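Chains here go by letter, A, B and C, matching the order in which they are written, and residues are numbered from 1 within each.
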């Protein structure tokens, strides 16, 4: 049962912070997220000067470098509109870590705090602000949802993705083993500790495949890059030519399911 | 037993040790099974999330309150213990702690020390020091006994022998315990251990234990256990020596019930341990048992370094439940030994640098995906991921005067620093970012098929032929 | 300078300047733990200690010795360590030997008979000072009459508990009894027989302490 809650006022405009991963590697997911928002009657603004939230440097132990990059993003959202981010990880960085990152800089700290309350992860925005109830136009299928650790533990939005997929009447949401466990991406962790990261993604892909779902859906492209990258590598190793575990961003999945 | 000392070697060889476990499907399965078991036991203890979260907040508040008063509380604890007849000793380093303990043993011409479970005694490698001094040091917790028989170190702070199967233990007992035939019946194995160790409790000159909470207002040492060996070690031999880190202190007795509840429920999923043993004095006149002397050794070993920094001080909130390792996807993959430190898992990564220096531990902080599972379950709300990022910063920043921790800058590399500098230069400048990513999209097909560690188990990354901003421009 | 002075000096130098407010433990318990009736506490105590593998018998002042006798006989135990000078110990000393159970007493310091305690004492009888319903826990304060090893070394430990002395929580027990004003040499919480799961997470009882814990729950006349 969903709790009844008061929705914040429905905005006419939002900023879209695409994230560097989507801009460079999954632009289709970004387009689909924007289209999905526009179909809800929202004007979506894409500040062209956006680059990266700064998280890679921040989590790698280089806060000075992260600060320089983050400081630039702070200047991009002058209007009091929500900032929608199609990634729990980058949203978590902007919402929770920016204020800490600028703790010693009163001016930027104040900016970061003002920004923080406006930052939404995409599925959170769709459910908690727009009260979006996707109407399913697709045929029967089974998918499995992977929620990033940042979305789950930092943003606390692990239920919104489930809810959106749950609303699709012809979609069966499979339940994977160890659902809440990390996929092993963790930014530079995957490079610095490839053996452990590799073992984690191997187990994650096995668990996702074991559900029999025809695809994996996630609201974080970092995880997708890791999960799909391993699944494809495994396919190549074992001589498969069709992907054994296709996957996509939840925005793309939702857009397709709701398009006639 | 324990022919050669096993010294700490955390960073060196960490990757090789991790790989050895990761490549062993049997071990992988065994750790996974053990961690799943401990996770489900804990979850069953906390059916009510509001209760859990409010109890965690209370636990955090209690630990922070007491840490804020730490020096006064240590003095008060010392005064009250002394008044109760307990002798208090202070040690800054493992060597000093060993010297104090062995000094007490030698004054009493002790030959055999039986030990209750104490991670601090592992931290100072007491067993080796004792043996070098000709004093037998025998572990009596079943898991610790098994690990000692095998000439290994504990691989988990609560379940020391969690890396061993019953068949391995059966073979170990058959090989090492006199007059024992092979059996892999767990009850029979425990009986073997019980019989060997009962004789030792009877004979031992010294009983050594750790401390879970030291209560300042009453001068009381509290011990949590299930087996009864802790009670044996603190009651049967004529001398009891307890050793603890200086942070394990609470001012008030009423601080104990919430922490005890958090500890046992988080650690093993028990609503309480079989025994909670509160010791306030040696044997008093007229009493018929209990040690004639009780000693407490308070060990610093880097804790005051963590204490000095507001953020790092949170490390000292730990009550050693082990829930962080039970829930850690990294620990689950590699087990405890790969870390090479006394304390493995997430808590090991944040406490060991203070004990061993960042020189020896800088690579440990990188062995985390920062997934946050540890912080989520920590019963006293230590922000472990945040502390890991801080340790990365301390390790990789350029060495400077007046560092907050030993080994600051130990992982500094000019190359890595310049890579991140260049990264920042590109990503802080929309123009440069535009050029670099445009080149990436046009020439992405030139990306090498081998991309270092990434492609060891993944296909190479290739930028999309059009960036999102290009697609948006085209759409108009 | 001593290690003590250096450690305290280092801590003082870096001590936070502002104290934290005293955590409100009382409110947490008031808000999260029910106040229960005597019967509810008895039921909860019993549920949890039985879950921990203790054997519980409801007894009365008139029949507890019969129950104790029967429990020993079923196990083939004909020797019991009791506390001379306690009411229950005296009853046992008077009435058990004629019924075939030899009673030994803890009448000298352990050094004089340690080997006998470890090797030839199959069972013991002590009283509990009180108990805790929340966790199914016995509270024992060993003393000169009922020393510490009595509840630890014999493989079977029988405990007499007055059912009216069950507290809701550990917190309630310690605050109601004013423990903060002074604790004995040793105070104990016991919540079942000794156990371990150190071999492949398989639970086994009787690791080092008693293999069996028998609780005689003394309920008032009703």
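Some points to look at:
Here, a residue touches a chain if its C-beta (ideal position, glycine included) is under 8 Å from a C-beta of that chain, and two chains touch if they have at least 3 such contacts.
These figures come from a predicted structure and were not determined experimentally.
Comparing chain C-alpha centroids with the centroid of the full set of protein C-alpha atoms picks out B as the closest. Among the remaining chains, C is positioned farthest from chain A, on the basis of C-alpha centroids. For the pair chain B and chain C, the distance between C-alpha centroids works out to 30 Å. Computed from the mean C-alpha positions, the centre of chain A lies at a distance of 54 Å from the centre of chain C.
Only residues 18, 20, 22-28, 30-31, 34, 46, 48-52, 54, 56-66, 68-69, 71-72, 149-150, 152-154, 180-182, 184-203, 225-226, 229-230, 232-233, 236 of chain A touch chain B when the two sit together in their complex.
Contact residues of chain B toward chain A in the complex are 15, 18-19, 22-23, 28, 329-330, 333-334, 363, 365-373, 375-376, 389, 391-397, 417, 420-421, 423-424, 426-430, 433, 437, 440-441, 452-459, 461-464, 466-472, 475. For chain B in complex with chain C, the residues that touch the partner chain are 34, 37-38, 51, 54-55, 58, 61-62, 64-65, 68-71, 74-75, 90-92, 96, 140-143, 146, 159-162, 164-166, 169, 186-187, 189-191, 193-194, 197-199, 201-202, 217-218, 220, 226-229, 231-232, 235-236, 238, 246, 252-258, 260-261, 268, 271-284, 286-290, 298, 300, 304, 307-310, 313.
Those residues of chain C that touch chain B in the shared complex are 2-4, 6-8, 10-16, 18-23, 25-26, 28-29, 31-32, 48, 52, 106, 108-111, 114-115, 118, 134-137, 143-144, 147-149, 152-153, 169-171, 174-175, 179-180, 182-202, 204, 206-210.
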